[in-house]
Amino acid sequence: MFEGFELFPKFDWKWSFAFEILPRLLWATLNTLLAAGTGYAIALIIGLLFALAQRTGIRAITLIVREIVEFIRSTPLVVQIFFIFYVGPQFGIRLSPWTSGMIAIGLHYAAYLSEVYRAGLESVPRGQWEACKALNLSMTRTYFRVIIPQALPPALPGMGNYLVGIFKDTPMLMVIGVTELMHAATALGSTYYRYLEPYTMVGILFLLISLPTAFGLRRFESFVAKALGMRK
Amino acid sequence: MQHYLEYLQAYGGRFVDGTLVTIQQTLLAALLAIFVAALFGMMRLSEKWLIRGTSIVYIEFFRGTSLLVQLYWIFFVLPLLGVTFDKFTAGFVAVGLNLGAYGAELVRGSIEAVPKGQYEACHALNMSYYKRMRRIILPQALLLMLPPWGNLLIELLKGTALVSLISVTDLMFEAKQINGTTYLSAESFGTALIIYYLMARVVVSPGMRAFERYWGKKMGRI
Amino acid sequence: MKENFPLNLGSDAPMVRFSKVTKRYGELTVLDSLDLDVQQNEIVSIIGPSGSGKTTVLRMLMTLEEINDGVIYVDGQPLTHMPKNNELIKANEAHLRKMRNNIGMVFQHFNLFPHMTALGNCMEAPMHVLGMSRTEALARSEELLEMVGLADKIHEHPARLSGGQQQRVAIARALAMRPKILLFDEVTSALDPEVIGEVLNVIRSLASEHSLTMLMVTHQMGFAREISDRICFFYEGKIAEEGAPQQIFENPQNERTRQFLSAVLDAN
């Protein structure tokens, strides 16, 4: 199990190597950010569809969508990625690694986001819906002018967490060959037989992006709540 | 359907083997995560900045980087610093440490959520810190944290799938292998997905709910 | 199904007519074959113990709930049903939306939109339901908010207003739609005693100056007596007694009415 511990480890960090691979890693970081952004955008929209589908009042649709959401949330993303990438060719459809990756991540996080949306919508007091009816507002206006602005502030923390989460999950795309950050690091590692610098730098790059983002998101949530007049 | 049944007959055994490894990984990671969460969760509440700071660093580090990166780092890079784990151990250690960080926040949040009145009552009864925590505060905190811990355990289960990437022969590893030889991707990965789903929905969630009911009764809930 | 109910009530119709209206929640019958007429510009107060069906009457008129039996007419036209092939069938959403413009409601818990200012709350429906221009809606809203005594608060959000102020904004908001009928559902029950008066004052001036048909569910007996044209006492889903305020409060005929009034007036 635990094979060894040495007092003077074989730790020999080579700065020259680190700087040599930095450009390639930074370039891959851009790809990672692009993947995270695209996946999140897809998830935002499909998640809303999942959430609204559960509010139609038609039991069959509600139950089916509910089960789909539960299934996606309860199974590993990496297996879903493999599934979508490999299943296509089995039935004649060829999906590129990028496309399958985006579909998999988009669906996975859509399931998470739909729960966040649902909680937000449920938190709006019933009296608001009744006031809209009493004023004879149409359903569209009710949703867009009254309900969603009130459902948004409580939903933002969850949405922010999942933005950071998607970013951290992009390394899984490397298993189907998407050239994001982890993939680049592994390729460099196996080419030069040095994993120390690549993997350490990847870790640091992730921290450098995710920590400030998480902090910035918390500030943004405060700002939105104030801007919508929900705070004194 | 007939075709699928034949498939299961041929490969069912390997799926079972893989599932057993996944279960082992999950249980070991869970034990580690619970220990880490309890330790760092309580450290987070300490008044001494050194203790509190250490736990904040731990929590932010493991929550801010992705599990896959941590896994690879523990398996490939730690040996260079003198700490070598075999792949099975590296697997559940990474998952346990990572999800333990999330668990630490749950522990902290639940302890903070216990009503202040409870502390005041303990103070009035002149209880020591340890008595108070062990007999009054922590049991109540445990009840509060059980629902989100249920979700965390499912995340843990899902996280173990990544250990297949360092060649631990778990459920996903087997599915990948079988897919590699048969090219029956829908059956291979589909079966794996179904097994994960069943473990989450039929074992973990009901199990947690049952424990919640049991503990709730102990805490006096009707 | 609905052959016994006329398709419209003709020119001297009451503003509101409940015709054999029944409402059930599962096993429980909340309103039992209710017949109720409210004439144009009449002010009717509905009183009675909780669970007697008072609020349900308002909610069904506002189409917040569906009725199980009977028909409700507004200004001579059926509300809950619509004519088709010389028969009345259940109204569809389009018909309801058309009819709903005639009815407004003020709620016990105000239900103001927290993310809009007082002015915004009042302008929303006139602009987007009645299709008013921004300038028109603005002018009307300012006028109404001034009328309820909140000219200096029009740019405040509800969170910064007291309960009484919020309820007055709610009244202005309902009035902005120029409904023919205005419903008040226990509008002072959620208010602190000091601010009840300011809301009642607004309602009082509405009653005297404007041509509105008003239907109020209230526990404010003194106020009900002062401004109402008619009092309806509800008991277990039916009108146990109705009549002029003086008659109901001074000389109730029904035993239940007497019991209720003595319990309520004693408490005051």
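Before moving on, here are some points about what is shown:
Order as written gives the chain letters A, B and C; numbering starts at 1 within each chain.
As a working rule, a residue touches a chain if its C-beta (ideal position, glycine included) is under 8 Å from a C-beta of that chain, and two chains touch if they have at least 3 such contacts.
Quick caveat, the model's predicted, so the values are computed rather than measured.
Of all chains displayed, A has the C-alpha centre closest to the centre of the whole protein C-alpha set. Taking each chain's centre as the mean of its CA atoms, C is the chain most distant from chain B. For the pair chain A and chain C, the distance between C-alpha centroids works out to 48 Å.
Centre to centre, using the average C-alpha position, chain A and chain B are separated by 20 Å. Mean C-alpha positions place chain B and chain C at a centre distance of 55 Å.
Looking at chain B, no residue sits in touch with two or more other chains.
Within the complex formed with chain A, the chain B residues making contact are 60-61, 64-70, 72-73, 76-77, 79-86, 88-89, 154, 157-159, 161-162, 165, 172, 175-176, 179, 183-186, 189-190, 192-193, 196-197, 200-201.
Residue ranges on chain C touching chain A, taken from their complex, read 62-64, 97, 100-101, 103-105, 107, 109-117, 124-125, 128-129, 157, 159-160, 173-174, 177. Listing the residues of chain A that touch chain C in their complex gives 125, 127-128, 130-131, 133-138, 141, 145-146, 149-150, 228-232.
Contact residues of chain A toward chain B in the complex are 1-12, 70-71, 73-80, 82-83, 86-87, 89-91, 168-172, 175, 182, 186, 189, 195-196, 199-200, 202-203, 206-207, 210-211, 214.
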